[in-house]
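Given below, in the form of structure tokens, are the structures.
Both of the next two complexes hold chain A, though its partner changes from chain B to chain C.
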Partner chain A sequence: MRHRGLETDGIAPYLFLAPLLVLLVLFILYPVTMNLLASFTEWKGYGPQKWIGLSNYEKMFQDQAFWTSLLNTGIFVLYIPIGTAFTLFVAALMRESIAGWKTYRAILYIPNLLGYVIMGVIFSIYLRDDGILNALIRWVTGAPVHFLIDPVLAVNSIGLILVVWLHLGFGIIYFLAAMNGIEKSIYEAAIIDGANFWKTFTNVTVPSIRFAVEFFVVFNFIEVFARMFSFIYTLTQGGPGYSTFTLEYGIFAQGFQKFQAGYASAWSMVLFVFCAVISTVQIRLMQRRDA
Partner chain B sequence: MKKVILGLGFVFLCTAGSLAAQTLTVWDFKYGEVTGAQVPMKQIDALFMKANPGVKINHVSQPLDPQYYQIIQSAATANSGPDVAMFHPGAREYGFDDILVDLGPHIKDVKGQFTDASLEMVSIGGKLGAPVKLLPMTMQGFGIYYNKEYFKKAGLDPEKAPKNAKDFLAACEKLKAAGIVPITSGQTYTVNFFLRTAVANAYGPTVPGLADGTQKFDTPAFRQSVQFLKDLIDKGYVEKDGFSRPYFMDGIDKFAAGGGAMFVGLLSDVGNWKIFSDKLGAKNVGYFPAVNFPGGKYQDQQVAQGAGIGYGVMKWTKNEKLAAAYVKFATTGEGAKIYASATGALSPNTAAGGDASAYPVLKVIQGYLKSGIAKDYPPLFYNGYEDDSNRLCDQLFVTGTMTIDQFLTEYQKLVTKK
Partner chain C sequence: MKKSSVFGPGAQITVQALMVVLVLASLLPLYNVVSSSFKSIDEFTVNPLWPPQKVVPDNYQYAAFSASLLQFTVNSIVYVPAAVVFYLAVCISAGYAFGKMRFALRLPLFLLVLFLSIFPQLLLATQVFKLISGLGLTNTGLGAVLSWVAYFAPFGTYIMTTYFAEMPYELVEAARIDGAGPLRILTKIMAPLAKPMTATIAIIGFQAMWNELPFSLLILQTQELRTLTVGIAMMRGEFGLRVPILSAALVIAMVVPLGIFLLFQRYITLGVTAGAVKG
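Here is the complex of A and B:
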């Protein structure tokens, strides 16, 4: 096997790579390194930094809010298989060309266009005890459901809305595109063999788009770990108590409410490790596909 | 000669241009209240510009909590930003003392106009004699407002405030029986503000001891007040729907619109005596500073912050003298009077006064302020204390995931948390 290197390939490949490498160093490597260094300091986010060694990490591991944030993130992770299975199922239903499926697809995609901040504000109004949804529930049952003030309901409401419902529109479009790549003859053969919708779904559709499903799962993991902040901030602000408090919210609270940027950096390193693991898994999956 | 004249003309134009372009940038989290604080602020700016020809005030509205201090933090990182900025005195101000100018040399002539309580609060560390980094526009406090008409409907004496625990409970029972919401609420702030009034009743002048360790949140009086509030919620006297509704401004607006009989409100800024009197009728609003508990040594104590909001001058300004002049202008003399009369804010400037003739409830408040003030405790602690304590309050009063004993232990722990 020929080893690649400067002597064999010349300088040209490195010159082509240079702009991207510069960007990666500037916007990824430098901030991550600075964050790592900041996590060993006492720092307000501006002004001088005081080196305090591992104190921020010791404090973090003794902080109940940190463990609660991990637990809550874990709860949201549990919604990923539910959301993925449900999205796959709805996409498969739509693939069957049920009447009006293009309209349903468009309607289900609308939340993705609005963004998490707007959706968070909308749901904070809908889900209030004196909100429109509870007006309906009161009319039917006579009592409200405390979506935002019952800790179990609050965390599960967010899981259901964000991980399942808000990703539904994107997931459907993504899975439909993947399903379009499946040979029609495979479906025809399955039908001739007497397979019903469910058997076709489990034995043909899902295995054929396995890589799309894997990507969707990884995408959901990244969303849960690193992109829920704006939704939680506008909906519950991590409350009631710490019941919807996540790693991301903790970074915000320590860094921008208490101005303990050094301590927030320690929380950020934990988030970084989680995201690095997820990205590594994704890269491995992609390599397996390319193999 | 022609060249010399042209050169001199050019220099003159450049100099004149730089003089005319003297702009003072002010950042403010109250300026966004278009029909509220912005009205007097615009008047103050206009008067200042009239008194200082060639100066332009660029008054910028910034969002309040929690973004405002993040924006200040970003400005500090860049070492660039406004010339003047609004701050909450106390922990917030002390946390940013390294980017605020010591106003001492600029305010020698007006310092005597401010109450000692306000000067103490705007001095770093809350210590009189330490550098003063803000001049206060308002003083702040919390207390219980009530709707006299609803009291009358429920068979209560509207002129007699239910100031002790027994009377308060009886009033809640009667109001509920009459189909009136006894206490209108908004998120956890209703609980938070009630506890602040309760601490005044339990600790009175010894409140600063909670910060220096000579007092603790373990007294029978404080426990009584916590238990009492929990009972009020459990019995349905505090409107539970309100816990998922923002206090600012939905909770305030609900009480102002006649949505309940009592409300734990503020003395200045918003949710105050003026707003409620203007909406519910000046003679229809009653007030008392706290519920007096049997174990509470300090009856009728008014919890108060000597300073509620104030202006400071940023260290990076190139116009320190002019910026300090603006701060003085807005907080003393005509400026202070305009702001106080338009917003209902209580001014810590003794020369600004406050006319209670049109608002009977203001007279009641002024009476309590004269008779006994207890310091408000959250500003004594750290940046973010209010958020931490609100989360604890949620766990006891809203979600019920904590016992009173656990709450008291954790509440005490917060004091030393950083």
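Here is the complex of A and C:
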């Protein structure tokens, strides 16, 4: 991106941008703005809207499902450092060109390929009380683990699978590419100095790819706050009860299952604030990296 | 890329063991689906774990025809590539404007696009549905395609922008001296040079739209119009108790994503690293 004097390309750039901008205004900007208005109304999602002031927000703050959604999101966030550290560790092992690493990398990428809907349904079968994982567990302990029936286990299963497990393949490719950019001589010097794997991992590898690590963390925040719906919809459908709700799932449940779109819009505004913060952090990171 | 390993023989065995555990943990849920898909309901009840003793194709027949998965696959194969073509046009043209053209609002508009690129679909869904109904596009492929392209274009635009920005400006200047206009410069010179990155965002866009659920779920409500992804998500509720049929459906749904992976692995790797972050 460069500026050559004050000369501009006139109207042409705006014409080139027009298709994108029209779509963005219609499908993102306008919806976000209308959500704000809708959050002050009683509305089914169709038909008339009735202005009710802050009632939706008052109702939301007394709604146990809303607080559960926030708490669950907090639990998922706690899995982010675990997932990031684990992914970095596995990528660093693969960087040592261990035998078969390309095959491992390809297999671990499969979940990223299949997407949240297929993976959600796959895990809904896999984690059932009479599923294959429990067939193995019963073999060892004699009793099944109620992964999707016990509320606490269900939330943590989602956190572990979505945040730590499903992005492993994506993170490995991403980190390996970043690690490729590290000067080989730094490693050689470290090894001559007698540094072992752990020393080079903590002193060379991780500090050298700090930007990549930061972006991976932000990427995970985006997944947790803004991309989880399809997985929860297919794995637990928010249940048992509302114990695996997130803000996204709550919006779906209130807006499209109970037809309380006005109320769902109040939830949307809370989600909007979180996402605006994450988006700003991401832009700051980009500007700092490109500076 | 090889050098002497930092791992001694003992450590190498430990590392290999860890990798094998990870790979097995990754493959076990997939094995489960494939193996269950060939079992009769009766066999599945008594033998959930081991491979089928008697292979039955009935589940596939049921999933493909009675549960309409074949129809849904055809729908996806029609809508998604159409959407990808539209998406590429939008991303290339906007990416070129941001990456290589000079105009007063370049930075503010670019930041706006970046800012809007992460909002969750559910945050937009109520209003997108209202808009699509207002345009009379409920239950049309066009409605779904428009909503997908709008939602996924910001990230594709971002990647194309960074790619165009790194191409030498002299290419544009030389073409301009030859008397070419902006549209001609883009279509005849710059876009052909951006082919590798175009292929990359085509794959990213294809995967994102192929796997898209919320908008399709709301816009394509009639059974005949459903995409494969919507079909699978709905079957999860309908056939929740009949695992072998659901498994057969999953295997059918995995064919296209896995095929894309095998054919275009190089671009997928590029795609992961193209943007600093996934959209």
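Following the convention adopted for this analysis, the second predicted complex is superposed on the first by the 264 of 291 C-alpha atoms of A that agree within 3 Å, B and C clash if a C-alpha of one lies under 4 Å from a C-alpha of the other, contacts with A are read in each partner's own complex, and residues count from 1 in each chain.
Criterion: a residue touches a chain if its C-beta (ideal position, glycine included) is under 8 Å from a C-beta of that chain, and two chains touch if they have at least 3 such contacts.
Here the structure is a predicted model, which is why all the values come from computation and not from measurement.
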Which of chain B and chain C A:D129 touches, first, second, both or neither: first
Partner chain(s) touched by A:I173 [first = chain B, second = chain C, both, neither]: second
First, second, both or neither for A:F61, with chain B first and chain C second: neither
A:Q257 touches, of chain B and chain C: first, second, both or neither? first
Partner chain(s) touched by A:W51 [first = chain B, second = chain C, both, neither]: neither
Comparison of chain B and chain C by chain A residues contacted: C
Intersection of the chain A residues that touch chain B with those that touch chain C: 45-46, 128, 130-131, 256
Residue ranges of chain A touching chain B (in the complex, touch as defined): 44-47, 127-131, 144, 146-151, 238-243, 253, 256-260
Residues of chain C defined as touching chain A within the complex: 1-3, 5-7, 11-12, 15-16, 18-19, 22-23, 26-30, 32-33, 36, 48-49, 89-91, 93-94, 96-99, 101-106, 109, 111-131, 133, 146-147, 149-151, 153-154, 157, 165, 169, 181-183, 186, 207, 210-211, 213-214, 218, 229, 232-233, 235-237, 240, 243, 246-247, 250, 253-254, 257-258, 260-261, 265, 268-269, 272-273, 276-278
Contact footprint of chain C on chain A as seen in their complex: 1-4, 7-10, 12-14, 16-17, 19-21, 23-24, 26-32, 34-35, 38, 45-46, 90, 93, 96-101, 104, 106-111, 113-118, 120-126, 128, 130-133, 135-136, 168, 170, 173-174, 177-178, 184, 188, 191, 196-197, 200, 211-212, 215, 218-219, 222, 225-227, 229-230, 233-234, 237, 248-249, 251-252, 255-256, 261, 264-265, 268, 271-272, 275-276, 278-280, 282-283, 285-286, 289
Residues of chain B that touch chain A when the two form their complex: 66, 69-70, 73, 76-77, 95, 98-99, 188, 240-245, 382-384, 387, 390-392, 394-395, 398-399, 401, 418
